[in-house]
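I'd like to ask you about the structure that follows.
Each chain gets a letter, A, B, C and D, in the order it is written, and its residues are counted from 1.
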């Protein structure tokens, strides 16, 4: 059968990537695409790379237009999804790519986002270790799914196996991310201009203010962390459209061997298709996951520093957002999990 | 008066930057440029941006050709400078941009470089706090100077004030650097090809193997660190020709206030021209120091993570190498320290 | 049924792109991958983005190893394919991505390449207008196919409709191309280093020396050009891994109307999937065809200059090389022409 | 003596480059910097690379604030300079970096800009051949100067010698330019976002609509062109912050020898410092002129195509705008022409 699908925020970057992947999905029919200020215009005007969808016109993002589909993707700015979710009560599956339904703790929401707090939905990172199982189980048959923040899921996937196995100390984590600006969306802000970004590395949200921090803490707690979780998190914009290269380090727990450390990640991801631990001595590059639903993880034990170093490459729009959403959809609808998703990147 | 100058390694990136800066220096005459396999060719063929030096021809890099100048710059691969230094005994000032004369500890040399260990020379980072003073003092009248490693000096400048003031814990340091590939020199290696680097973030030397680690430890010890110095150090190649954006974090010492932290850096660099602490809430970008001799430092205290976050932007070829060398030369020769050096970057 | 496939030159860029596309092709089995100096190593070491092919090992490129497959792709440096083609006499389909079998005129071969001249094979640009038909017809059932040069096919597709319809003058053509360096292969040459290419536009082969010029002339003659074909052709390396943005202009023939001009391209490509003429006033970007088998063409009539301006975007590795090869394979084998090929690019 | 200077539009890219160069100028004092919506803010907030000017505050752009200086630079959007010029009647030297005073022909202004037509000022490209002399002569002692359009001056410098010498046909010119987006200013437009520009070549103003076309025609006419001047002009945004690489070709006049062609450029620029003809067989790269006031010209004769190919590299903000303005200022004020300007680029 074919599921009818609507994508809101279809003129943006996350919406565009959802459509790129859905266009190749044999079990869905992209029936409706919506936008806000661009409603009424051809989709192709805003997504000129989506040639196979040139027949679609952007409609208004209203509850009426979004309702009546089997699956609705909300790719809207944070804080805007909530208003549609009530009206979509009959929709079989709603997947929110915004932050509105990610956090379980209202206090975290208040501190990092503010405004009305919405109930948490099933978190769309299937491979994440949670309490002796995988997050995948919570997605089977789910009707409401919160796609992850791209930086948050990258760091969570990087460290959760070590936290779950107790081989690293969650109270001493440092993550520094080289990220492409597409994660910030198609926003007209001076610091996102090409001339500002070419040839430059530009940090932002330094010192603990980035909104993905509580999401990481939540994932690590779900993976089994007890006590304080303390993360120093610094994203740095670098000159590439897409990609996250997260370097995450954590203090090694006392008395743990190198083999035990490696085993923690191997046993967590050894059977996974889309989260791959690289062989010892190898590190990933973001180019290798461009357009792919793959997270590549390089793991090193630095005994001199007393820390595990986990370097993870992800395409922020694919595995980081739209790929995760579609993988979660596949699971929720009982389709093969990897349908319409590829492990192979576009390189060079 | 005018000092006669020779630059070896003149066809490489460090050599090119030395020449670019020296070409504007009113007190020097660039008399000799040397190379290895490119000897006999016009300099302009290898440095087509150095239009004012189009009259120079690359000579062989031999002790005979290098001797007889007031100042000799050695911009050679690591391990190759030592052979020239004996023959340059009469030279008033020799500045080595390689690693051969940086390390004071032979065991560090053996672990990270290997081969013959050379005596340490005065370390060319004038602004670095050392034992209640500045490294500058050791450069006054110096005749032999070791220019710093670009990553090493960036991280050392980032953290030395906090170490010197005792407000951060040198046994818990994490540095992750976004770096341009010019720091690796004009080497014909597959991973340095443009097609491999465009649109990608590529880590290397992950897990404690980078050769600049002992140099950082040495600088922090000189700044007053006692006990173990433990650094997790990860460089990531990003798509820009030049630049280092170092994100360094360290655990805050017990009982230290935010004001004490900020004061450590302010008192260290408040009077410096080329190392500037940005006002609270500001972070630097590498574009802002392109071609400049400036290190810009953004300092944030992240109490939730219990860490100080220091983000520092440097041009690896300028302040990181050639600028540091010429600044050190100015000091050694008694010239105004900032001669031929600018604080202003070329942006956008 | 499934066709067994061998890909030579599998550690290079063209070979990698062939494999990326073939990995998603339901009718082929990638049985053999070969290389030269890298033989014996895992494919994934050289193509870390091809995660689904991690089980393959590079073998030697010998006639023995290549023979015995249904389809053999030769992605070798120019001049090296010829030695294998004799030994592959029994192979159902051989597709050469090198230049060895592209040119029909031995004098052109001698002038631009030199060495042994090989017989021309069916030229792998299906959409190209040839003598009242399409090049596609010559590919149906073909057993030997010469995949095109990426720049050559881009310019040929840009101008052939106008030449075929007689609305432009083939003796007054100027093409300037912004190209990514992956077209030059994984060659260790100084001018292809990242540090040389970031932030710079670097022309090469200026003034009529580029080897794709005779290939363009040949295609335009096949499209119906009579008399002199004169092309000023200048490629410029720009800072992107992939992509060709060809700006081609030609003098408008006397007495031709704007409508006649537009109609020439519309009638040539109106029914094509992978070569698309954009609506009036629109121009293409290379980002929109990244990883896609699409050529996007923007056509403008500049009456003040008396010239047609055709701007065409192509992914040099996809539609320019590997995509064209696989599209041609599909046609030759009687498979659906677009199998394993997408019209949608990966953007942003 | 020291000239007092005001720079309007100081928060933009052209204004920033003016200030970067003026900051090193020994004969000027930057007294006033003005902006529009950013008035009242520290300059350093908008130009964080201009560390030596951190003490300046942006004032309103009003005639009152701009008046009373020896030299005023207007770096305002096109059409906005005119309102200030009347009020600056007493100012010794006004240099407009906008288009308002460039065109001599009101009809051109109406066609390409529109709005009130202002009288033409002395055109600020000193090296341009004009009627047997150089444009420089018109700048000596000038009190009102129109700095050139960056693309226009690049193409004009490329072709004027050939036009002046009669060796090329001005009725058959094609120019295609690879350009960085800083030429478009700090405008918040979607197509100037980094995510849209990374990894892509994006043409614009295709087909004769670019506003620099009449300026080129005017310069070529001043150089001696008679009859129709027909230019096909296509700019292509490529992923670099700065730089213009203009490939300009023109039909060779009948009966002209290669030596005559080369001699035309050599005699035009042989004595110039900032416009340099490269030796035969060499082509320029934009990296080599980054931050420099240099135009590098590579000249090739393509007899097979019947065209001269001129490839010229310029930094659009330096030699293309601010460098030209300051060079013109130096001439107008009787200062050494190259003061505060360098021929050396910042590379790699």
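One rule holds in what follows: a contact is a pair of C-beta atoms (placed from the backbone, for glycine too) under 8 Å apart; a residue touches a chain by one contact, two chains touch by 3 or more.
Listed by chain with UniProt protein names: A, B, C, D = N-acetyl-gamma-glutamyl-phosphate reductase.
Since the model is a prediction, treat every value here as computed from it, not as a measurement.
Asker: Could you tell me which pair, C-D or B-C, is linked by more C-beta pairs in contact?
Answerer: Here the pair linked by more C-beta pairs in contact is C-D.
Asker: Which chain's C-alpha centroid is most distant from that of subunit A?
Answerer: Max centre-to-centre separation from subunit A belongs to D.
Asker: Please report how many Å separate the Cα centroid of subunit C from that of subunit D, as a whole number.
Answerer: 37
Asker: Quick one: report the Å distance separating subunit B from subunit C, using the average Cα coordinate of each chain.
Answerer: Chain centroid spacing, subunit B to subunit C, equals 45 Å.
Asker: Name the residues of subunit B that each touch 2 or more other chains.
Answerer: 13, 182, 195-196, 198-199, 239-242, 284-285, 287-288, 290, 347-348
Asker: Give the list of subunit D residues in touch with subunit A in this complex.
Answerer: 13, 180-182, 186, 188-190, 192-199, 239-242
Asker: Going by the contact rule at the top, pick out the subunit D residues touching subunit B in the complex.
Answerer: Per the stated touch rule, the residues are 13, 16, 20, 23-24, 47-53, 182, 198-199, 241-242, 276, 284-285, 287-292, 294, 296, 342-348.
Asker: Could you pull out which subunit C residues touch subunit D in their complex?
Answerer: 172-174, 176, 178, 195-196, 198-204, 206-208, 213, 230-234, 236, 238-243, 245, 247, 249, 251, 283-288, 290, 298, 300-307, 309, 311, 313, 347-348
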